[in-house]
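Dropping the structures in below, format is structure tokens.
Each of the next two complexes has subunit A plus one more chain, namely subunit B in the first and subunit C in the second.
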Partner chain A sequence: MWQTIWFIIRSTIISSAPIGYAALGGVFNERSGVVNIALEGILLVSSFGYVAGAFFGHSAWWGLFWGIMAGLLLSLIHAVATVTFKINHIVSGVALNTIAIGVTRMLSLVMFGQETQSKTNSYTQIFGMDIQWLVALMLFLVIAPLSYWLLFKTSLGLRLRSVGENPEAADSLGISVEKMRYTGVLIGGVIASLGGIALYPTIWQSGISGGRGFIGLASMILGNWMPIRSVLASTMFGFADAIRLLDFVKAYIPDEFLTALPYVLVLVVLAGLIGKARPPRADGVPYVRGE
Partner chain B sequence: MPGDIILKMENITKRFPGVLANDHINFDLREGEVHALVGENGAGKSTLMKILYGLYHPDEGTIYIKVDGELKPVKFKNPQDAIKHGIGMVHQHFMLVYGLTTIENIILGYEPSAVIDFDTAKKEIQKIMDESGLHVPLDVDVEVLSVGQQQRVEILKVLYRKAKILILDEPTAVLTPQETDELFNIINRLKEQGHSIIFISHKLHEVMAIADRISVMRKGRLVHTMPKSEATKEKIAELMVGHPVLLDVPRPNVTPGETILEVENLTVESDTKGVMAVDNVSFYIRAGEIYGIAGVEGNGQAELIEAIYGLRPPKGGKITIKGEDITGKPTHVIRKKGVSHIPGDRHKFGVFLPFTLADNSILGHHREENFAKYGIFRKFSNIAQWAREIIKKFDVRTPSEKVPMSALSGGNQQKFVVGREISFEHELMIAAHPTRGVDIGAMEFIYRQLFEEKKQKKAILLVSADLDELLLLSDRIGVMFKGKIIKELDNTSRQVTPKEVGYYMLGGDVEIHEDSDIAGGEQSA
Partner chain C sequence: MKKVFTIITVLALVLTLGLMGCGQSQTSNQNSGGQASGEPKLKVGVVFDIGGRGDKSFNDSAYRGLVKAAKELGGYIKDDPDNVNYGTNIEMKYLEPKQGGSDREQLLRKLAENGYDLVIGVGFAFTDAIKNVAKDFPNVHFAIIDSCYSPDEHPANVTCLLFKEQEGSFLVGAIAGYKTETNKIGFIGGMDIPLIRKFMVGYEAGAMYVNPELRKDGAIMTAFVSDDPGQAWNNPPKGKEIAISQYDQGADIIYHAAGGTGMGVFEAALEKNKWAIGVDSDQGLILATSDQEKDREMAKHIITSMLKRVDTAVYTIIKEMYDNGKVDAKVMEFGLKENGVGYAYNDYNKDLLDPIKPQVDELKQKIINGEIKVPATDDELQQFKASLGQ
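What follows is the complex of A and B.
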């Protein structure tokens, strides 16, 4: 009995982590005024970055490094496109998601000799702990509270939120809108990358992100763009994901239904939120100085 | 008493492509004085102030600021430089970040430390509030504050940055007379504390009430600077426009005829579900009558007009034109029933900026036989003819009807819209903020046109944020507060004072300050 409960809690935490990290990454992006649907792509490339980095670097640390670098690079492209060149945020995000799929498959072919999945990586321990479990726990214990503190208790957070709500006013007070938006996208990118690392450190497969970046965005909306609430919202989807691994659930409910459950939840929850959740006012609006 | 000169702008010149926005301007400011800067739109006031605030760089000329008791030349690369030299600006359109609390707005960009110590910041702000008399709740989202309170936050922001020189850009444009009084009290208090204020306005009675010195700008030049003792409203207006102006347009005497518009128990939902923007409103307008709607913006005026004009479906109630029910009918049907509309936001609802004047001249009537054969093929010569008539009759300054609307100045765009709406057959004219953003000359012209309408026995529904305008034009005034018309005032012989309207604009339960500087009699109308 207790074993089952612990199993559910543990799998919920692990299943929630990629979604929660994506949600938190989304919070930093959108609080600064940049819509980033490339979170999905970030999960995919950072997952690949971890497996490849650890596999060839023979260390989980190299995995961490390359996982974050991969996500950071994708975020940087998004920042350059949307902030510097003021490209439509959705268009850039769609393009990056497509690129992420293509590039990882290509790299997988080059590095592992097959397009759809990597070889098995056995470097999954840090400080003697399973990295997936460690990174997942970190989200709830460290990263989420830290994000709250950063956004609401520091001048950096205040400035970041101000450019997401009213960039013109921020600009009039000497705050560089571009710098702050880059900061938001890049911090968000690093955080989302941790989600990719927590996805499945042993092996990478094409399509492994499975829409968790988008479910992360839904969690962010459900959490009303608040860091801790967004992460908590992700556990609902994580839980739905976790229970399908249970034997007695499997016995009674068809697997197809369970697999679809998180997505159905997203639809139901978002439909119920219409008119209630309030995004940052300048979310997705490029800032052009002047007039 | 005003002291030494602490700011001097010498020979400031700024050119934009095709325009000399500032032409060798000399302007100075003394310690503890209010120096009013007046002029029409496009006279160069904003440009001059943007130069002072570091947003623009002058092509010629020098700014001197008193540093350590001595005037020294300074160059401002950006607003931060200006702020460092003690200059603060309260923008006409508030630069507040909704979604952030008051305290966050005040310290934004000037935070005491990387990890914000809110308690210390709060103490410091509290001290400034006590000294200046500017009290606002600190821990709420600024969005929920009233317009007057938001303005206080703007001033607090400037004071928190330790500004000695305050630029107030049209600060009273959004205030009720009561709030204006309070602002003037605060300005006087700031003066006593040694702050200097540049007060930009085009409301002459306010300038006369608060300024120590007055500078008038016209077409990029500073034409005259004078102490208040030498100024009169007429003199300032003449300097602004370049020729004598009639500030008072005589009201024609018209006996009201039959009822044209009747609104009964109208209820309209706002953008937020379940919240009623217009709440059980009833009134009527007769032929030859101007009915004014007063109210602080956002109290349901916009929704009321949208409901009458068919842009927003009513939740309940009835709207009739000459007895015919038009409730919930689409706009083109309502237009056909004889409703014309001068929209409050002309760029959003009134014109297509990239289209030519000719195209803009037939909007909403483009399918009529006169303009389109079988309602499909445009009759270009008829359309051009029609546009030229509007241009001529309503004195729109444009090279031809073939230029795009965007080529015209705001005042001329507005004259064109007014002309178009008057020219189409109608019984009811809805005029929302008809003179917003236009200069005194065009304003007078539009007033005359509306009075002409009145003489033609049209019914006119006037919504305006400008009280002087409402009192000048309206026969009756309905004051809207939180979606209800809480008071209807008879103004047939112009007996209503701004104070009286202001009292109800704030809900009617706020005390009237009879003892303050500008008493009710001081209306520019």
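What follows is the complex of A and C.
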């Protein structure tokens, strides 16, 4: 009995961490007014960055460093494209997702001699703890509350949200819209990278992100662009994944129903039946001064 | 400001492209250095399935078939990081589809257009692609692994290479049946498709045959990773979670038929200190001889593997093409009798298997003789179970 409960809790945390990190990364992006569908690509490159960094650096710390650097780099490209060059946010995101697939496969071929998967990485411990578990737990205990505090209790958060809601007004008050949006995209990128690290530190495979970045975006919408609610929304997906593995659940509830349930909920929320999904007003709108 | 950015971006692009160019020219130099002069007598092209080279499983088994052909018949593998080169009789080349696998048909077409005489599609996902391409290249011979066509639709230049996975799975199921201490075992398949059901059904039948406790409802736990091919075969995080759920619910041995996802199953076995059974390749041996410590740790928890000799099939078809200059539109089936499937017995697991090896080999003989008819579908399994009694 206790073992089953513990399994559900542990498995929910592990399975929802990558989704939750992606959702939280999305919140920072979109609160500053940048739509980022490259979260999927960030999960992919950061999981590759972790495995390659730890494998060649012989330490989980190098894995952490390179995992975050990889995600940060992809976010930086997105920020340059969307904020500085005002490219359509979706187009840039699609391009980056494609680039992420290609670049990781090319690097895998160069570094590991095989294109579709890395070699097994033995360095998955930090402070004697499993890094996947540690990073996953951090999301709920540290990163999510910290994000809430940063967005809603600090002046930086206020500025960040203001450029996502009304960039003209923020600009007239002397807040640099571009700087704030860069900040939002890069903080979001670092957070989403942690999701890639929590995904699977032992091995990288092409396609290992498996759409979790997009599910993260769905969680963000389900959480109405609020940090803690988005993370909680992501646990729905993890929870559904965890309980559908249990025999006594399988006996009573059809598997397909459990798999579909979180997605149905997203649709219900989007349709306005429960609560109301309200994105930041200037979300996805490039800001050009004086227009 | 904007200008500076533009210049930097352009410079960065030029640099990246330049670097990529260097990388490419380097590899092509290497290969032209490795090849002796002279035109190959036969050119064989292979397209792997998602998972690709290095999956320590299905595709790696196909790759070993190429290496064997190179060794025995004197050939080389073009653009191969390991520089397999034993002569110039046969040129072999493999390609890997991109993530999601939408370009399978293009890759087959590319090989056929570039003068490859025999083109092999490794995996059931090539069913439609091979049919379409074979129609357009009547002079090129094709082979497909794990799939075939109804007789009236079977193209004249395609050979089907099929396996009786249920027979090999029966043997590893019997090993699980003998070895389980909790009288609960598990199975994890990549996708719920008839091909993977053959693995599952054979495994269940073997386990039930030798261990009456496993005939009870719920004694064999089964799960599939995903209904989405993009998430079924390369999803070790999920494989690990499913395996942990089965171990937590009492299973002490889990057999996986899920390609790259299986790495997660092995990791779960290591963490939970339980047993796992590998698939397609001798995964225990591959991991035990790896240069990575974690691989060797995981290998200690692999009791055996169901061998699916894709390498034998690939080698057989290449040899036939090499000897005869053509292959016929036929169906070749590889079962226990043809040594096309089996169970892994190596230096690392022999202490574990030796006490039960005579019984398992006896079962093998019975299947070859036809005394045991191994079920391949759920209906057949129900009949099989009924014939065993409770």
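By definition in this document, the second predicted complex is superposed on the first by the 258 of 291 C-alpha atoms of A that agree within 3 Å, B and C clash if a C-alpha of one lies under 4 Å from a C-alpha of the other, contacts with A are read in each partner's own complex, and residues count from 1 in each chain.
Everything below uses one rule, namely that a residue touches a chain if its C-beta (ideal position, glycine included) is under 8 Å from a C-beta of that chain, and two chains touch if they have at least 3 such contacts.
Small disclaimer: the values here were computed from a predicted structure and weren't measured.
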Report task. After lining both complexes up on subunit A, report clash or fit for subunit B versus subunit C. Result -> fit
Requested in this report: With the two complexes superposed on chain A, say which partner A:Asn88 touches: subunit B (first), subunit C (second), both, or neither.
Outcome: neither
Requested in this report: Using the superposition on chain A described above, determine whether A:Ser176 touches subunit B (first), subunit C (second), both, or neither.
Outcome: neither
Requested in this report: Kindly classify A:Leu246 by the partners it touches after superposition: subunit B alone (first), subunit C alone (second), both, or neither?
Outcome: second
Query raised in the report: Angle subunit B-subunit A-subunit C between C-alpha centres, in steps of 10 degrees?
Result: 140
Requested in this report: With the two complexes superposed on chain A, say which partner A:Phe112 touches: subunit B (first), subunit C (second), both, or neither.
Outcome: second
Query - Touched partner set for A:Pro280, first subunit B, second subunit C, both or neither - result: first
Report summary line: Counting residues of subunit A touched by each of subunit B and subunit C, the higher count belongs to C
Query raised in the report: So, does A:Thr120 touch the first partner subunit B, the second partner subunit C, both, or neither?
Result: second
Query raised in the report: Just how close are subunit B and subunit C at their nearest CA atoms in the overlay, in Å?
Result: 18
Query - Footprint of subunit B on subunit A - complex, ascending - result: 153-156, 158-159, 161-162, 165-166, 168-170, 172-175, 275, 280-281
Report summary line: Within the complex, subunit A is touched by subunit B residues 78-80, 83, 91, 94-100, 104, 107-111, 113-116, 157, 272-273
Query raised in the report: Along subunit A, where are the residues that touch subunit C in the complex?
Result: 3-4, 7, 11, 14-15, 18, 80, 84-85, 101, 105, 109-110, 112-117, 119-122, 124, 199-200, 202-203, 205-208, 210-211, 241-242, 245-247, 259
Query - Residues on subunit C engaged by subunit A in the complex (per definition of touch) - result: 2, 5, 9, 23, 50-55, 81-82, 96, 98-100, 218, 221, 223, 226-228, 230-231, 234-238, 240-242, 244-246, 248-249, 260, 263-264, 267, 290, 292-295, 298
